[in-house]
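Below, each structure is written out as structure tokens.
Heads up, the next two complexes both have subunit A, just with different partners, subunit B and then subunit C.
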Partner chain A sequence: MSRAPERTGASGPAVETHGHGRSRSRVRLTRIIVLHLFLVPLALIWLFPLWMMFIFSTMPDSGIFSPGVQLLPSDQFLTNLAALQEETRFLRTIFVSVVVAVIYTALSVMLTSMAGWALVRYRFAGRGMVVAIILGTITLPYFVVVIPQFILVARDLGLSDTWVALIVPPLFNSLGVLFMRQSFSLMPTELFDAAQVEGVTEWQIFTRVALPLAKPTMAALSIILFLASWNNYLWPLLITNSPEMMTAPVALGTLIGVTRVSWGGIMVGAVLLTAPMLLVFVFLQRFFMSGITAGAVK
Partner chain B sequence: MAGVTLTKTAKSYGNVDVIHGVDLEVADGEFVVFVGPSGCGKSTLLRMIAGLEEISGGEIAIGGRTVNDVEPADRGTAMVFQSYALYPHMTVKENLSFGLRMNGNPRADTEARVTRAADVLQIEALLDRRPKALSGGQRQRVAIGRAIVRNPQVFLFDEPLSNLDAELRVQMRVEIARLHSELGVTMIYVTHDQTEAMTLADRIVVLRAGRVEQVGAPLDLYDDPDNQFVAGFIGSPRMNFFAAEAIAREDGGTRVRLTNQGGVEIVLPIDEQMAPGSKVTVGVRPEHFGDPGTGTDIALDVDVAEHLGITSYVYANTRAGEPVIVERPEARKLGAHDTLRVSILPDRAYAFAEDGHRLR
Partner chain C sequence: MRKRTITAYWFLAPYLLVFAAFWIWPIIQSFYLSFLSTRRQPWTFNPGVTWGRLLEDPAFLNAFKNTMLILAIQVPVMIALATVLAVLLNSTLLRARGIMRFAFFAPVVVGEVAYAAVFRLIFSEDLGVVNKIVTGVGLPKVDWFANPTAAMAVIIMAVTWRWAGYNAIIILSGLQSIPDDLYEAATLDRVTPTQQFFRITLPLLKPIILFCVVLSVIGTMQLFAEPFLITNRGGPGGATETLGLFLYRQGFTSLNFGYASAVAYTIALLAVAISLVNLWVGRDRT
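The block that comes next holds the complex of A and B.
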């Protein structure tokens, strides 16, 4: 006689039910153990460089290149930080980085949302072509764009060493446009039709109906854009000269001198640049994943 | 309140015509239902009235005013969608009031309208819930409420009950009928469910491939279809059709031979002149077969019999293999492989010419 294993009626064969349950949980346990045997070493390999970055940031320059490998932190973190601040005005560069990343993220999310919305909502001649061109720009390596962009911004517009030069040129992010377009195109059109029949203006439909529904996607996109701006090295390196306008990654780069490299300072800077991002990502991970996979099922 | 007039209203996407110059007059306060098979253009026609689709030709007037170039919101219509189209991030109350709030309607008036709509639809208890926390029937009620708060001259329903289960559908159907009699406004309702069409409509508009096949009161369409399409579409289960050919005119009509039924002949009340040998289709509704001996008998091999209690539907084949559905209230014992003898009654049979038009 076969019975559903879930059945736990008082008169049901309790032993059989238990038997099923036990073998199932044993399978699950085995699976978890095997998975961890594989994933834990992988995680360690991943985390090791981060840990060493932290260790090096606490060691004097002389200690970093000593023959023995040291795995526990030393006590020179603040000394290294003070040296870093003295050489690069690092706190100022962090401030520049934060301002640039925040404004860039906000503006870019807004801009890409509007572009994505237009591409979903409006039927116009050449719409497919526009999408194709935007998609095409993704395949262009950044290095192909950066030289003409530099010439335009620095030479023709004379904007080098300005906030505008740091923030505006990378604003139009094709990936972001496609991201938002995808998100809007998955929303039922009837929602917008309904609002239109109710006399809600196009701008209100966008801001009051579409954007609130795109929140998970916008959150994921924000993280991606913020990280991109935060980690951007090449463009700020090209467009800024004065220490006043330098972003943190560029400032760290200056520590690699011709004669002397301040590894302790670089490591402190790297820790300060990495840690906040790691924390943000860990906390927003759930949001982030749900945004990226939104609409993947169904 | 207002009626709706369509004059040669047409719609095409590029070279493809989807609505072919529809003429229709919907009276003030009338309940008109558009029916037709999938892709017949009934939803497109409704969306054209709502202003969600531009028209390619002709004219649409609401309350005597041409609205071809009027924005959807200014046409005095409100629309209820199949998918409810409730804003998922707003509560029921916010859903109901959204349009009014966005249009800067005075707060007190908005409040009053929402309260009234909630009262009419008995959804007061749901006002603070999100759509996610509502059942299908409740969601549809909110969607209707969102239409009511606009005080529209014309309600447009686009298959509003299609997403509901059978029981709820009956219940909501009754509610929509009640709403119509309470509000007394013009309603245009799109459905492919002919039970909804038959029960709700003052008049039914049968559409096929972007053309109006027939317009009339539900029972008129059932009793007196203009063509084979309408005859087959209205009535459930659908009408049976038998191939036949005209033989000769005689007293009381025209004698036709049922081609595949061993050459049995029947005299149908057709006055229209037909050449002998011209093809005719004889239509008989499942509920209109007579007992053997009362008309022209045919023998059927039973395939499946569905016994519903009040009646039985017998799915059978003629000896030539044509499928036939027969309703027999007394056929409770009938099952597969049995033989059923029924009679085609001349006065309950319809005849259609080869091009589908009704032979009278």
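The block that comes next holds the complex of A and C.
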């Protein structure tokens, strides 16, 4: 079934009522104009920072700080990229970011779908408590755990500048558990029971019956988790010191405010961080939106 | 133990291990740390230098004041804007819907560092593009990062730019669950669109708007990257220092884990308290 047609409190009449077709269409036209007089300038303001990020990434610093306002791209992108690469080996940090985000996303989806499955499929001692602890602590600010996490990982275990430190601690995120639990709970139990009667093992019921049905949810969850990992700043900032293991946001952050570094180069970094996610947003918008709304928990 | 219980825990175990090690245990550990003096080894029990210090520390009080100021201005402005945006973006009268949605929703995927860099650059005092526009229309140049009020305004604008669309997406999903016939009936009764917004849309959206408020409060309490990067470590002179940034300084610059943990718990308690007040104010009076 398709979703309800879009409409709103501010829209025109949803049903045709009385006559006076012309005056009504004039009212409608006026409303369309007023709506756009408000929304178009606001949309341009909203697009402005992203547009300028792109424009500045193509300009030499002399152009960025020239007296006039330039709104069209220049041709210095590759020059700026070369400068950025020389300053931080930025392509290496992008590589680190990609590896971390991919492995983190895969692991998180795997762990949390198993956990979500257990909570739906089985009635077991401690089930209520597990759910209560997850839900009861989900809105606690991340800052509450960041200090002990740092002491444990960096000081006690000495894992600074390692892949494990970048990937494993953020896996605590319980978003996926709630997400997958919701998805599994909507599936008909008979399906799983029938498989069980036929002697299929519990693990196979999970991987061959339940998971394929949960693909859209897994796609939405993957996008949200990948984005979170890709943009994660505080934890990688704390846990990495060597340029070899810095993620791209951390490396870019070290350049902001350093006068020696060109702004054009920094903007190239910002574009390289942002553009892939914008493409994901544009082409996978459906999954992206459902990821944000269904699991609207940061 | 029954066989099915054991199977259940096999499925749960990998996640629960990570969850316990990196979430539950740190929550407890942090509480314990908040009572310890950690400035020199060995750490000793001394809540006087952690919890006791909070109310006497002008730097903490400054960060607290700034955070509350941002909270009081930024959250209401952003939620109101997000609600209006959601309603307008959902309108059948809207043209170029795809581009409009892109304009407001795109910031949701932009990382903190990338957008901090852009905002720092476009607001820079000398020949930043915003100042070029400001002076271009005949207004005096603003020293965005030297003037405390202006610096605070930049932070508020930046956070609003980044998060308004995120909240609008959530509110939009709430809008789409309001049944059409309510509006049809109202239109038949000649209720104007504005009245429909205040009498139908807003009351029905209340739970989801409250949810957005709570999320935003929690987010604002942890504001860190923006003052760290845009206003250069909470400048000018601590004018944009937030609780999140203060915690970062105490924990990871001064390595004073005990005091930083007390700050962390203060942030958590404030977030919970403010959220509860919001839910209480917004409760259904029936």
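What we mean here is this: the second predicted complex is superposed on the first by the 232 of 298 C-alpha atoms of A that agree within 3 Å, B and C clash if a C-alpha of one lies under 4 Å from a C-alpha of the other, contacts with A are read in each partner's own complex, and residues count from 1 in each chain.
What we mean here is this: a residue touches a chain if its C-beta (ideal position, glycine included) is under 8 Å from a C-beta of that chain, and two chains touch if they have at least 3 such contacts.
Predicted, not measured: the structure shown is a model, and the values here were computed from it.
Which of the two partners, first being subunit B and second being subunit C, lies in contact with A:Gly257: first, second, both, or neither?
In the superposition, A:Gly257 contacts subunit C only.
Any idea whether subunit B or subunit C touches more of subunit A?
Ranking subunit B and subunit C by residues of subunit A touched puts C first.
Quick one: is A:Pro188 in contact with subunit B, with subunit C, with both, or with neither? Answer first, second, both or neither.
first
Quick one: is A:Val197 in contact with subunit B, with subunit C, with both, or with neither? Answer first, second, both or neither.
The answer is first: A:Val197 touches subunit B but not subunit C.
Between subunit B (first) and subunit C (second), which does A:Ile266 come into contact with in this model arrangement: first, second, both, or neither?
second
Just subunit B (first), just subunit C (second), both, or neither: which does A:Arg208 touch?
A:Arg208 sits against subunit B, while subunit C stays out of touch.
Which positions of subunit A sit in both the subunit B and the subunit C interface?
On subunit A, the subunit B and subunit C contacts do not overlap at all.
Any idea which subunit B residues touch subunit A in the complex?
47, 50-52, 71-74, 77-79, 81-83, 85, 87-89, 98-99, 102-103, 146, 150
List the residues on subunit A that touch subunit B in their complex, please.
188, 190-191, 193-201, 204, 208-209, 212-213
In the complex formed with subunit C, which residues of subunit A make contact?
Residues in contact with subunit C: 3-15, 17, 28, 31-32, 35-36, 38-39, 43-44, 46-50, 52-53, 56, 64-69, 110-112, 114-115, 117-119, 121-125, 127, 130, 133-134, 137, 139-152, 168-172, 174, 177, 202, 206, 227, 230-231, 233-234, 238, 249-250, 252-253, 256-257, 263, 266-267, 269-270, 273-274, 277-278, 280-282, 288-289, 292-293, 296-298.
Provide the residue numbers of subunit C that touch subunit A in the complex, in ascending order.
Of all residues in subunit C, those touching subunit A are 1-2, 4-5, 7-9, 11-12, 14-16, 18-19, 21-27, 29-30, 33, 87-88, 90-95, 99-100, 102-122, 126-127, 129, 132-133, 136, 161, 165-166, 169-170, 172-173, 175-176, 179-180, 183-184, 187-188, 193-194, 196-197, 200-201, 211, 214-215, 218-219, 221-222, 224-225, 229, 232, 244, 247-248, 251-252, 257, 260-261, 264-265, 267-268, 271-272, 275.
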